[in-house]
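Before anything else, here is the set of structures, which you'll find just below.
One chain, subunit A, appears in both complexes that follow, with subunit B as partner in the first and subunit C in the second.
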Partner chain A sequence: MKLKNAVALGVTLSAVVTGAAFADTIRVGVIAPFSGPFALYGTQYEQAIAAYQAKHGTSVGEHEIEFIFRDSGGINPDLSRSLAQELLIRDQVDYLAGFTFTPNALAVAPLITQSETPTVIFNAATSSINRDSEFFLRTSFTLWQVSAPIADWAYDQGIRTVITTVADYGPGIDAENGFTAAFEARGGEVIDAVRMPLSTTDFTPFLQSVRAAEPDAVFVFVPGGPTTFAYTRTYNENGLREAGIEFLGTAETEESNLQALGDAAIGLNTAYHYSAAHDSDMNREFLAAIAEMDDPAAVNWASVGAYDGVHLIYEMIEAAGSDGPAAVEHALGLEWESPRGPLVMDPESRTVIQNVYHRVVQRNEETGLLENFETGIIATVGDLGWDQ
Partner chain B sequence: MRNLIAPLALILLGVALFFLFPYNLAFATRIVIMVILVLSLDLVLGYAGIPTLGQGAMYGAGAYAAGLFAIHIWADPFAGLIAGALAGAILALISGFVLMRASGLTLIMLTIAVASICHEIANRARGVTGGADGLRGIRMDPVFGIFEFDFIGVTGYWYTFGVAALVFAFLVILVRSPFGLGLRGIHESPDRMMAIGAPVYWRRLAAYVVGGAIAGIAGALTAQISQLVSLETFAFALSAEAMIMLILGGMGRLYGAAIGTVVFMWVHHTAAANDPFNWLFVIGAMVLAVVFFLPSGLISLPAAVTRLIKGGRNGGA
Partner chain C sequence: MGLFLNIVVDGVAYGMILFMIAVGLSVTMGLMRVVNLAHGGFAMIGGALAHVFGTQMGLGFGLTLLLALAGTIAIALPLERVIYRRVYGFGELQQVLATIGLTFLMIATVNWWLGSTLLAVAMPEILNQSVDLGFRTLPAHRIAVIGLGLSVTLGLWILIDRTRFGVRLRAAVDNRAIASAHGINTDRIYMITFGLGAGLAALGGIMGAELLPIDAYYPLRYMVLFLIVVAVGGMGSILGSFLAAIGLGLLETATRYLVPDLSTITFFALVIALLAMRPQGLLGRE
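And now, the complex of A and B:
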């Protein structure tokens, strides 16, 4: 009996001691695609988180921070929701993060509102998500935020007539609306709005009709990967470039595809919030940190969205620990310097206010690689689609 | 008495799931919903022998119907199930008129086409369905007016489990009825059934419609539990995954459909949680192993083991 008591005492004591020696652990659940065609996002998030932790450590104040990764595959709101439920109930996470696709983010909205869990969106870019829960905070961008500035830039360059060509799905239509609203507000004219099937890679008929209509420029939004590749090639092959029809895009020349596009991409105009070629020490440091990883993934907007997301989570934990509402309260209006430039968390839309840069694709003479060269800031804006 | 063992075991499995996963009832609920979808596929493919890769069409139709019904008309869960079942049945009936005239590869292609068309309609009708953002704003009334859908998912689980049990019981009766036996006959030899005067076309159509209604119920449950319907309910991947689960468990066996789904989803979940980066290998290996060693699915495991042991004895003698 004595022995048994001693053991029990020992267990209790050691529990008390470890409890005192180590501060509490705050867990962050990351729901993102780690398998399938979109696995690159998951890798980018993971590496950005690792890069941040390598620089800033795994603890803040009294709190040890632990990230738990869960694979959502592609667009799968049911799975996203049940993963969030499991993370919240079983793993007792205090923060959620990740979310590449809009439906996956929307699916967790009721959960995070009920459980008062601050949720940082690393990518999903539809404006309306943040309306569904006041616990959503977004460190990526919205489609309106980048497609309206390119319209401003185009108008300033003397472009007056544009045809929009977008992939026929939610984000494409958002981009079309954002561009058209801004361009028409300045006095430009959108002659035609073409919506193309999401999975097509044959853009010849669309671009030939664009060429025949002779606008000053063509605005495009297509998802990354083979579609972007096919679109830019078709743009060149059908002589739109020679005809002087300017290319206006957003994410089309993003870094994970850029080298594959080849010389066809040189001279393409885009407006976006992040280029891996952004000229700042912080960005160079970020790129170097990612380059040190095993098998580093291309750095693009998804990486920087995650990096800033982690920063925001660290800030919130430092200020409020695991108190969700206080954490969100602290995040609103927060300002910080990011590899992409200065950021402010807009207290109203809960999406970051950031610089949107005009970029043009060119070949870096030192490295011989293509890059999105930033020519200047078009606008410093928050989520322009919030009031739409 | 022997007839009662299997159903009791299945109910026990359901109860066990509740206690095995007290912290992820959401996951257990997804398993049960998937069991219903795979059961509907089993009726269509396993019993009636209609090859289809488009069961997702009826599942999605049921999900959207139940979602819209809850938002605009009445948020009662059971009424929503009926709406979902009707939507699935109607879609199966309309598409079935054409589909059941085809067979083999043509039929498979056509079922995929139906699901793609539904996907595109839901994508275009943004005003009604929310397009690529998904249908939002589904808030269900309590079950029987008493049990609220709670955060942890206790109500959701028992509600789904109850519906699944009813569907299962219905199917057990159906496949043993003259209608069900007729379907088996058609599966094995349509010509002979035609010769003895069975209306093959109409029987197949009826099976497809019943399967559609059940898939619609599964879709409706998804909409009610996750409070969101996305375009992905029509996705090809879902229909294909359901078929893999069915093959894994054993086609033409209702218990096989249930076991295959539970095993597939449980392995999937565990592997994906332990290694979110490489779990697909585990799934692939499991499916390969089962298809190779147990061609009739996991349900045939006891028989295969018995055969192995007996074979061993004979070999020794």
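And now, the complex of A and C:
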């Protein structure tokens, strides 16, 4: 942005911020995909917000809270940026939220820094985002946060040699680094690191090579949906399980596509911060609230990320109204109970410190549905990728 | 030696799946000369119907397959009468625009009806097993696809080269006006052939679903894959598509075994080189 424009924008934005301080309606702009292949995220955010508001009302103190939704489609940083600009200037929002994809979040960093707008990330999981603006707060997770604990778990199970197989794109490489660093720190050995093209449809060649190398386990990171489906099928059909090569993953068994994976998914090991099968009254209440919606979407980490994000926004509004810097100040170090377990907003990395659970896929005998059964907590950690 | 056998077995199995999902396109685009980008849409409709009949309603696999194929053809025939009949006469670019528009329509419909998540297609128990080949195992459904692919190739060859219908079809494609003048009902021939193409698309979609799972965005996700097979094989040649699919399957599998990190680049570089040398494809007519 040219300097002149930047100054002009800065002046407009600060006028907006001071103006809004006297309003008793506080607006929150939610930028997320509401159309296209990733529209499910938008629905999940919308329903989580509705569930929170059904329980806690639509006002905090004297402030009425209004959510404004904007569709960013898929990965589209330019659109994300212009939507944020429009929300800040025309709709005079005091908070931003949403952000499914890392590039979309990075694109708004200069805007929120200038306008001092607290921005709660519901999903985007690359560690480095929060470095770009101190107004980013994240209620989801980072890739390091979940891929390092699965390495610890594997080592504790006696697994010493691993081959990593990740999709060749940013998040895959983050996951590979996180896993390898933690596993090697414990004394394990990563004997091969395979990066698979994102367009891969047939994983047989990769998994046959893994099988031939006979490691104790294979670590995987692939995007959810069709890719995960093909990968897990291939893992089973080529007899890696029978050969004693354990499956180590993170989000692969997420709830929106879990039933479609079928029996092939049973027994897969993952480490993650949220399972819809988490055993707590608060989680059951959350699931029940979503189930009451018209056409309820599957509840997974994106739903709980949004639910906690709204909680954080309510807390900030209660403490600081529309004063951005004071709101962020209040958020740092904040502790609360979430459907996924206890959370603390890490004052340094501004990502939540949370339990990472080891889960194994099982068929629930009562409902007949597949679920991620949590066997225990591996670690309670913040963003392990922050210092990398 | 083990590696070589792996490449051959996996390459042929993968190539046959490519052939099954692309053969319908080589009928509509290859034989009928209509740039049918909605081909993947028919495959998806077949898969979505199989999901509804098999997974949601719990019907047996045989019945599910039959109903899904019949359902897809029942959707395709009216589309042919109302839309494609007009599209045949368009230029190539207009055909692309018309059929891609149709694809978006199909995607939006399935997305609205069944959502954007994976639509599992239940396979019968017998196809879910692994078969021991001595030196390794191979999933039974891949062996079934290999068998099916061979029979479809043979069936189509007999139909087009050896039957009266085939003669009429080839005549209608080569010169529609003269074929009509000889008393051939070309409208009917086109409609039947289009239905055949859509039915084959659905069959490929369902049988290939273990590898290329069905969801609302299926037609766009795998469009390049279908088009490559037909383009490399040569327009109008079923045998060309067959050879191309097997060749591409072997090529892609070999690069993934040998140079995993560079496999996509190697694959596309070789396809580009081939098309530069033979723009009409392996067995295409000039």
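Throughout what follows, the second predicted complex is superposed on the first by the 365 of 388 C-alpha atoms of A that agree within 3 Å, B and C clash if a C-alpha of one lies under 4 Å from a C-alpha of the other, contacts with A are read in each partner's own complex, and residues count from 1 in each chain.
One rule holds in what follows: a residue touches a chain if its C-beta (ideal position, glycine included) is under 8 Å from a C-beta of that chain, and two chains touch if they have at least 3 such contacts.
Because the structure is predicted, anything quoted here is derived from the model rather than measured.
When both complexes are superposed on subunit A, subunit B and subunit C sit side by side without a clash. Legend: residue contacts after superposition of the two complexes on their common chain; A:110 is shown touching subunit B, with no touch to subunit C. In the superposition on chain A, contact of A:90 is made with subunit B only, not with subunit C. Once the two complexes are overlaid on the shared chain, A:233 sits against subunit C while remaining clear of subunit B.
Shared-chain residue A:256: touches subunit C; no touch with subunit B. Of the two partner chains placed around the shared chain by superposition, subunit C is the only one that A:37 touches, whereas subunit B remains out of contact.
In the superposition on chain A, A:170 contacts subunit B only, with no contact to subunit C. Once the two complexes are overlaid on the shared chain, A:76 sits against subunit B while remaining clear of subunit C. With the two structures overlaid on their shared chain A, subunit B and subunit C come no closer than 7 Å at the level of C-alpha atoms. Within subunit A, the residues touched by subunit B in the first complex and by subunit C in the second are 39, 168. Those residues of subunit A whose C-beta lies close enough to touch subunit C in the complex are 37-40, 168, 194-197, 199-202, 204-206, 208-209, 212, 225-226, 229-230, 233, 237-239, 256-257, 259-262, 298. Per the touch definition, subunit B reaches subunit A in the complex via residues 23-27, 29-30, 123, 126, 131-134, 136, 151-153, 222, 226-228, 230-232, 237, 272-273, 276-277, 279-280.
Residue ranges of subunit C in contact with subunit A, taken from their complex: 2, 6-7, 10, 13-14, 17, 111, 115-120, 122, 130, 136-137, 139, 210-213, 215-217, 221-222, 225, 252-253, 256-257, 260-261, 263-264. Subunit A contributes residues 34-35, 39, 42, 69-71, 74-79, 81-82, 85-86, 89-90, 102-103, 106-107, 110-111, 114-115, 126, 128, 132, 168-171, 173 to its touches with subunit B in the complex.
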